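Okay, got some structures for you below.
Both complexes shown next keep chain A, but they swap its partner, so chain B is in the first and chain C is in the second.
Our next item is the complex of A and B:
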């Protein structure tokens, strides 16, 4: 390295016509265009193609959408089940995760990393494998049934293949997706603020309502959004644990693309789901202050 | 609060043998102290001396491992922070970032279920008291400047109407000029309100300006407590003396009924009542002169190796037999130059003899 101080600056005239910000953004732009925008456009194009055809980009019809919104079609049931199950999962996980998240931040201390690891570990195993594990647990003659039999209780029947079991499966699978954003949210609440609120006379409930909850809200909202979006698009729980007692919208989409070979209908269903979930996500994201979460302020 | 008004001989706060340990670490190692009604007491100490832990115990955010804290004669060791008539202004100020200035100040009033109209009137009154404009009421507290936030935190503490206010170095993050202004305002506020203030800081300068009494803390203990002038004139230990600035320190050892220099060199000392085996003779740099005193042993020969300007005066470093001596002289006086051989001297009467 010779004369490091005298590296000549690029003169304005020789600068590349692309501004440096855009140049730096090119890799991300390419990824977004080819990885996200292009597939979505393809799905959108398929959704306006002739039903039961592969005439994408060459035909235009709203027949697929008409079919979905036709009152005679019962596909709305799948939407209703998926959105209702997703809403219930969010509700259940809010209640189930809050104490665990609070414990991880405030109580478990040096055990917190170990407990986090145990909670994360199941994610390393395929979702289907874990769900089949639960089948073995709940099935007639399975773990639960067998253990209860030893104590002379039972036989327990018909736990599996119910909407309730679908809900259980979703709550189990998406537990971490609510928990960890919530932990992040609660960890963002400065200890001093809680102490100050108490010092100024506030009760525990008041501290929670006025300080802890509002300041942890960004993390909690991210958790709610993640679990809702994932649960609204879930299919394996309803198939494996629910035994198709409930048909979710994701299963309808899958059927349209595979068994029915009606890609345009599947694409139209997917677009409707994207619009519903997208509207919800935009609404929630609009209320989040990412700068604060990332600690820039 | 007529019931809480008590005879003046009962201190508002009294600490007896207060200790706090975290595992094997003793943060506060036994403190006995009385704080009188309406006093401004400052606890000074370096980082890690236990002053913040002490303050948190007084505010009820930590409970003492041992000892008793009494508020107007009532033991409050186990009274939670939200039931104590005391309020802490945090070093971080701990303002609620998701709330406006008004909502922050009104928080303790909201807790007490004061009606909204009354809350607002009180908040505006407090804004005037801390010299903030009323139109700041609706501003988000995160958009306020450092000085504004400082005043909002103070107004919020006053809204709680505590008997005792605690301050945990609230001015440490501010620039010098603002700090000086706020120090004086805080002192004025103390006089006007008649409340008891307990303030902690690592800056003795800050303590000197505001306090009625200063306690110097070291390793969990209060090593000396007294009025600012007492502590300045008669520090009990080298540690306390050093808090007031740089010193020339000469180690002494007990011999017979008095002291001699530990290194055997001659020294003339003022009479002292001290009896410890080890002691120090301390001479402030401004009391050293570039001349040997007439007929006294208090003299050193050396070379000027450094000179610093302190504005109104200059400080010289003089190297003599491997150690440096500090001498200060008013600017413009007849001073030596770097490399000059000089003779230093000081009067026995200007020497402080203190414990280790």
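Our next item is the complex of A and C:
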């Protein structure tokens, strides 16, 4: 059926009051609002609800935060363990991943994609399954013990269920999260600049310090940040490999939401973790003046 | 656990009403082809559900959780309109869920005859399946078992473990030789038992102080804390000789794999009126869903069938005795190995020396103490 002649039509080129960029961003904005902001607001709202209640959006109290910051409450130990382990993992992975990343960019050549695939492949397997695999490796009478016995060494005992094993597990799980941003960073270093520095007489150390590292730093920083944030919220490694030899803050949050059924306390703990990790990340990123770190003005 | 205020419930109901128009049409239609089950693991397995799916042609959804309070609070948080059946341990139906209006009674005339086919201690009227006043049938009993601790009998004999009972965990020589199963509601019970205190009574300050001392010492001395797979693996490998909190539910998979030296122990004596151990019995109830699926009652009848009851007993994950073993048609389906896995030969005496799972009046305080004790391990 033909449209009536007087039906108003938008002429081509008529401007909508909403800018096209914003219109195009609407799906992503909606996704962020419903998928990210709304859950975070709900957690924030629960954190100020009456302890051990479900009176979200109807009650207001700071009792949950008061409980967390009560000097008699030992929950600070869980925060301390999580943050310390996360910092250590970042340090370990910086050292462990850099040579691998450098190799992937400069050395491995046509084998680089295959090696990358091998490193990525474990991510397709459940984290818990991989960690249980390590338990079988380290457990008394397990793979390591058996192999060492062949060489007349051992028995090796008491490897599992220690904070050190938790650290190992976290370093293993988050390896790729540090490695690939680092690879990206190193791949962004223009070869010409390195060649120019060499032509001008710079030593290998100077080239690394003055050219390669500063230019790769965005990728390295992203890797550090990603690893730290994920590691600060980790729990499976401390449970499966660490045997709960230390309690991480994520486990305290889990306990509050499950056995304790104290959702407001769990939400308050989660908010404190978000604030600490967020503030720390912003602080570190803000303070990292690359020129100053590398001695230049 | 605290209840919800009426205001909150109205808000949640209002929220549900607002979101209803966005739900698929099927969700608002008659629910004769849909059944949602909130349960412990086992009832959610394909072995149990698939024959019922085929028989009813319905869409069956089962979600398993590993602690009762979480499941009950899902109903409190407004999910009564989602679920049709809830499967939790014995005290919750009569003491909490029915008084709170979270579950509906079953027609006694229709369901009580099934109890006649069960083991003798479950004959109708079975206490935990009935309302407090004894008038309403609130659910059906099926899986059960003693749940105290597990030992490697190559290291600690059954006789020694039963005789010494909870005091084993007070023995300094066993420090670093035991694990603790990560099941903190049960750990609260069992720390009280090690302290020689009945967990299911109100506790004085002195008793709570004793509980704290025991919890801190036992948690500190544990080689590890972990889930059932970790405990069985550590027992088999020799990393530990025993673990606190465990029973047929936890050790039966390892026994079924041939590790008959691993054994659930029920102490000869203990603090609950002389009873040495604690046992659980699952009660499955129909949820007070305003639009309850007619399949809910059908499913409860379906799992009474001897073959299905046997499947429930040996569903994936854990293996357990079922009340329907009182029916010879069901019992004969259990092989010798299966009976060994669930320690059938001592089940009656273990249950006789066990008190039944109950609610700890000061659970919140005790759990806080236990949680804090864990942090001292680091």
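FYI, the second predicted complex is superposed on the first by the 264 of 297 C-alpha atoms of A that agree within 3 Å, B and C clash if a C-alpha of one lies under 4 Å from a C-alpha of the other, contacts with A are read in each partner's own complex, and residues count from 1 in each chain.
Throughout what follows, a contact is a pair of C-beta atoms (placed from the backbone, for glycine too) under 8 Å apart; a residue touches a chain by one contact, two chains touch by 3 or more.
Keep in mind the model is a prediction, meaning the values are calculated, not measured.
J.: So if we stack both complexes on chain A, do chain B and chain C clash, or do they fit?
T.: fit
J.: One more residue to check, A:42. First (chain B), second (chain C), both or neither?
T.: Neither chain B nor chain C is touched by A:42.
J.: Looking at the overlay, does A:246 come into contact with chain B only (first), chain C only (second), both, or neither?
T.: After superposing on A, A:246 lies in contact with chain C but is clear of chain B.
J.: Applying the document's definition of touch, where does A:197 land relative to chain B and chain C: first, second, both, or neither?
T.: Touch status of A:197: first partner only.
J.: Looking at A:74 after the superposition, I want to know if it touches chain B, chain C, both of them or none. Which is it: first, second, both, neither?
T.: Only chain C; A:74 stays clear of chain B.
J.: After superposing on the shared chain, does chain C or chain B touch more chain A residues?
T.: Greater contact footprint in residues on chain A: C.
J.: Is A:126 touching anything from chain B or chain C once the two structures are fitted on A? First, second, both or neither.
T.: Neither partner.
J.: Name the contact category of A:57: first (chain B only), second (chain C only), both, or neither.
T.: A:57 sits against chain C, while chain B stays out of touch.
J.: How far apart, in whole Å, are the nearest Cα atoms of chain B and chain C in the superposition?
T.: In the combined three-chain model, chain B comes within 45 Å of chain C at the C-alpha level.
J.: Name, in rising order, each residue of chain C that touches chain A in their complex.
T.: Listed in rising order, the residues of chain C that touch chain A are 1-2, 4-5, 7-8, 11, 67, 69-70, 73, 76-77, 179, 182, 184-185, 223-227, 229-230, 233-234, 237-239, 364, 367-368, 371-372, 374-378.
J.: Considering the complex alone, what residue numbers of chain A touch chain B?
T.: Residues 190, 192-193, 195-203, 206, 210-211, 214-215, 297.
J.: In the complex of these two chains, what residues of chain B are touching chain A?
T.: It is residues 59-61, 80-83, 86-88, 90, 92, 94, 96-98, 107-108, 110-112, 142, 156, 160 of chain B that touch chain A.
J.: Could you list, by residue number, the parts of chain A that touch chain C in their complex?
T.: 52-58, 73-75, 77-78, 81, 132, 135-136, 139-142, 160-161, 163, 239-240, 243-247, 252, 255, 257-262
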